[in-house]
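A, B, C and D label the chains in the order they appear, each numbered from 1.
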Amino acid sequence: MSQEPILATHGLTRRFGGLVAVNDVGFDVRPNEIHAVLGPNGAGKSTLINLLSGELPPSEGQVLFHGKPIQGKSVRQIARMGIGRSHQKTNIFPRLTCLQNCELAARIHMGGVLGSWRSRARAREVTERAREVLATCQLTPRADTRAADMSYGEQRQLQIAMVLATAPTLMLLDEPMAGMGREETVQVTDLLESLTDRYTLVLIEHDMDSVFRLADRITVMVDGCVLESGPTDQIRRSEKVRDVYLGRHHEEATA
Amino acid sequence: MDLAFFGVQLLNGLQYGLLLFLIASGLTLIFGIMGIINLAHGAMYMIGAYLVWDLTMRLGNFWLAIVIAIPIAVALGLIIERLFLDTLYKRDHLYQVLLTFGLILVINEAQRIIWGGDVHSVAIPAPFDASLQLTDNLQYSVYRLFVMGVCLALAGGIYWVIRHTRLGIIIRAGAVNRDMVEGLGINVRTLFTLIFSVGVALAAFAGMIAAPLTSITPGMGDSILITCFVVVVIGGIGSIKGAFWGAILIGMAETFGPVLIPSLASMVIYLIMAAVLLVKPRGLFA
Amino acid sequence: MLHRYPKRVAFIMLALLAIVAFYPLWGPAVFGDQSEFILEKLTLMVILALFAMSLDLLVGIVGLVSLGHALFFGLGAYTLALASPDFSPASLWWMLPLVMLVAAVAALVVGVLVIRTKGIFFIMTTLAFGQMLYYLVSTSPFTGGTDGVFIMFRPSVTLGETPLLDMSDPHTFFYLCLVLLVIGFLFLRWLTRSYYGQVLDGIHDNEHRMQALGYATHGYKLIAFVISGVLAAIAGMLAAMQYGFANPAQLGWHTSGEVLMMLILGGMGTIFGPILGAFAYEILLFVYEHLTMHWPILMGLTIIVAVLVLPRGIAGLIIAPPWQRKKTPAVEDEVAASPSVRSTTQHKEG
Amino acid sequence: MNNTFKKTILASLVSAGMMTSGLAAADEHPVKLGLMLPYSGTYTALGEAITNGLKLAIEQNDGQLGGRDVEYVQLDSEANPSKAPQNMSRLVKGDNVDFVIGPVHSGVAMGMLRVAKQSGAITIIPNAGLGAATNQLCMPNVFRTSFSMWQNSYPMGKVAYDQGHREVVTITWDYAGGKEDVAGFKEAFEAEGGEVVEEIFVPFPSTEFQSYLTQIASIDPDAVYTFFAGGGGVSFVRDYAAAGLKDSIPLLGSGFLTEGNVAALDGAGEGVQTTLHYAETLDNEQNQAFVEAYQEAYGKAPDTYAVQGYDTGAMLVQALDKVDGNTEDKEALIEALASVELQSPRGPMSFSESHHPIQNVYLREIQDGKHEVVGVAAEQLEVPDDACKM
């Protein structure tokens, strides 16, 4: 587990005018690990994932992917390098069917050079890949339904399926369980757990118990800074985290 | 081109620019807040001119004609918004372009049925029909200064309303996020009807005060429409300040362009627009 | 599937094609000595159908609303006019490729500048480029100015010396236009059902997401812009060939507006819809002109009613006839909540 | 006006296919006149004036042409050149008209001439002044009863020089009609020894003249020659007067600057001199009778467009009487039309080999709201048609 990190950031900072949303963040993600980024609302989690995916250029600092700097590159270039991401606000193709959504995701990463869009063989491979990914996410029965006609939970699962379809080496998942029912959350948690053999995951999530069950390592962020970063049980026992994150309940209870 | 004439050309550019602003302000308000592209805006400019010509002829008094024509124009805006635009707010730009394109055909033909095809003009009204001697052979009608004054006053008025009144805050918020405004319990339906009627009235009013300076002919709204769209896009959609400086810029371009580069005269505003959009894709003040 | 339509669509379109294609047989019987004029009108409708179909690739499939598409239509007409020798017919073998090349280059140049903009700005920049070419052609000395320019001889189609097709015969010209329309239709139908078409659907639906997946969306849009421009230029060339006359008015924004009207009447994003739209528009115009001198009011009201009541156009009626509509409610909301609508509500973003 | 609509609709529906009209006897059928004129847009007034003049002439021949009734098929040309060929084709092949009368706009004329050449339809141009129609593009079946741009502007060149002007600025819209008009003036003025110091071209159809007027004031020429028509003419003359230039720099132009718009000028036109082949104050009895009849029929004074329509009607009356209503024999009809000679309200008028009017051109000045004839700028002026090979 201690090889060279797949992703690392050094002194990563992002200012919006006077406000510093992400302040000098340094953390790393090791291959095939589930690394969760935890923190209260406004801790800068979403800004961080936008810095990693290229949506937002950093004000300062570096983002290294396999040791090579990628900060400042476009969303498209970073996606092509194998960093797939899902969005907090469901971001799919409503008019296309479930299968088509995944086909579009699969195609671009199977040598989607313009020239290849003619061959029949390639088209079959893409559809197979898309069906395979739908199966992993238990969406096969919904293959030919228009994405707009599916439930919110199913759309969130489709989003994960699409990220899977791009066969990325690193997956950035922005609150995948947000707004999901009890049973759907369990379904997604099992799914994510099964992915670690082939993928590395960075998980932005609120749901405390699924994070502690899933994550190998956790980074806790507060007000744009990294409070602590380390294996899950180290974080569970850490005083600082409890004071900042859980402490408030603790003090209210005793006050 | 010695200094005196340069000064006069500057004055001409300013006067044309301010008139353009009056029309463009309505357009940018309607688009900025309601997200509606109103191709029929030029036609309302024409209707304003015809209304004031018709009423001046009947009543014999230009100012009385304007006082009566403004509420008619507001009513027209109200009717069009209620009848046609209701379904368009959630629809794509294309449907707005098409519906208002249909409106142009209807309004232009209605004008022809009501007022016919002859060319008309309105005499420059009483207190301002004198003119100043600018150079030995050039005079400048005082009425043009009056028109500039009216445009500046309206510019200030609109700017004050947008900046310092509760309605202004609602308008600016509506421009940024319509659903949010709805969320705050503000009845967006009446806001839109108000904005559209005011926007249309501004265009018609521009037609009214410009009537004495131009000839009143069928289809006079079409060419001013394209110029207005260029102004709005250069200034930045929805920005009153943008519409103001965009209008001044285009006013100067249409005045100095033909003098400096005669061969490109008819294309100069489009070249400017392409240049602005390359540098700032959302317009100068978006 | 976005571009798979019920069987009845293919049946109706083939039936219409047969009726139009065999006009020279039944035409004289029905219209008597007027059949030649009606043939001319039919040829014009076929040409305008090709023009409307070319715009549908941009507006219906990719979701880019262009208000300057007449630019390429006029460019095709003027390329023919300026490249045709004065005293002998040009040969279609090199004229058609030349028109396509000129249009492709122009579409590339304009496209690179225009594709980066979105929503209202795309509408305005295309309008601006259309007006620029309109004034350029109206005022430049060698294009005949606002009076336009004549094409003395229709380009010929010869094999060596022996003429293959006698272009001066209206029936031959009619079939040339019809063949080009059918080829254009088949090409666009194949394109929209190919993977490339799927990418365009994705871009229309959610361009931001496509970029997040790694697609160079500008590149795909630019290709669609060039293809659309080339097809429009072919239509423009045919229009100039029909009457041997090219004029700046063919470039004006009114022409761009008219072709958009054909789109809404026919039904966008369906490729076959605009063909019906072009025929419907010309027939309505013909009828209205006969009914009253104030026909623009009727045409204006028709467009307004089409926008309000029939947003999916005639194609929408064929794909999902009203009596079936209760079963497929999704069709209706698809238009109301079309993705680019989302971009309008947040047009301030980015 | 509305009974013609009913007749038009009935006729076109009938001819549009309800009945296959075989080769009926030539005489009972009404003579069909296809009017391709602008009934919408900036030239609407011109289209209506020509139509009124034409109908007046035919009504005066108790509604008959060569003993046959007359049927009008009116088609709005919208002054849109791109629609011209298909509209003309509709009249010729669709409505099978015997004569096509139109257009006003030169661009539309080009489109019509194209179809006229292919179809051989007898076309009478009641306004469009592009020289080519009766020169490079002349053809036996095309006649013109109005003018050519050159014909009206050329005489003003000599008049301007005789009035002592040596340095003149010309200004017009940047379109074919305007350029042709100004070229005629320049040809004559510079032949006399004068100099056109500046040629200003305004983008068509802009009517924002302030910057150009300031430019003229800075050049300060002896006089200004201009060509604008319809709304453009009214705007320019009023702005020119408002800028106070009228007193210091005389304004000259061809008649269209003020024709038909004197009312709209309300005083701004006083003293403006123009050359045109007609003036409503011409004192010959044909003109007095015409003005009276037109005023009584349509409630307003006629202008040059009305007289051009009137002469077109008179020409048809004379020609069809000569062939006593036989519209089948095209050669004879063309021969009859070519040999027409009219005592027109505008004065004696006949046709050159290229079928263009040979007519007087009058110098007019607006005096208290009327075009007073102050002289004859050119007597029976024939238009150069050396490029015409009939």
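Methods note: contacts are C-beta pairs under 8 Å (C-beta built on N, C-alpha and C of every residue); 3 or more make two chains touch, one makes a residue touch a chain.
Remember, it's a predicted structure, so these values are computed and weren't measured experimentally.
Look at the CA centroids: the one farthest from the centroid of chain D belongs to A. Nearest to the global CA centroid, when each chain is reduced to the mean of its CA atoms, is chain C. Of the two interfaces, A-C and B-D, the higher number of touching C-beta pairs belongs to B-D.
The distance from the centre of chain A to the centre of chain B, with each centre set as the mean of the Cα atoms, comes to 49 Å.
The centroid of the Cα atoms in chain A and the matching centroid in chain D are 75 Å apart.
Chain C has its Cα centroid 44 Å from the Cα centroid of chain A.
Rounded to whole angstrom, the centroid-to-centroid distance between chain B and chain D, based on C-alpha atoms, equals 35 Å.
Each of residues 39-40, 174, 201, 203-204 in chain D touches at least two other chains. Residue positions of chain A touching 2 or more other chains: there are none. Multi-chain contact residues of chain B (touching two or more other chains) are listed as 108-109, 112, 266.
Of all possible chain pairs, those that touch are A-C, B-C, B-D, C-D. Put simply, chain C touches chain A in their complex at residues 1-2, 194-196, 198-199, 201-202, 204-206, 208-216, 219, 330, 334, 337, 339. Listing the residues of chain C that touch chain D in their complex gives 30-34, 36-38, 40-41, 44, 135, 138-139, 144-148, 150, 242-245, 247-250, 252, 254-255, 289-293, 295-296. Against chain C, the residues of chain D that register as touching in their complex are 5, 8-9, 12-13, 15-17, 19-21, 39-40, 74-76, 80-86, 89-90, 92-94, 96, 106-107, 109-111, 114-115, 118, 130, 174-177, 179, 201, 203-204.
Partner chain C is touched in their complex by these residues of chain A: 53, 74-76, 79-80, 85, 87, 91-97, 100, 103-105, 107-109, 112, 114, 117-118, 123, 126, 146, 148-149, 162, 166. Residues 39-42, 44-45, 47-48, 174, 200-208, 210-215, 217-218, 220, 230-235, 238-239, 242-245, 248-249, 260-261, 264-266 of chain D touch chain B in their complex.
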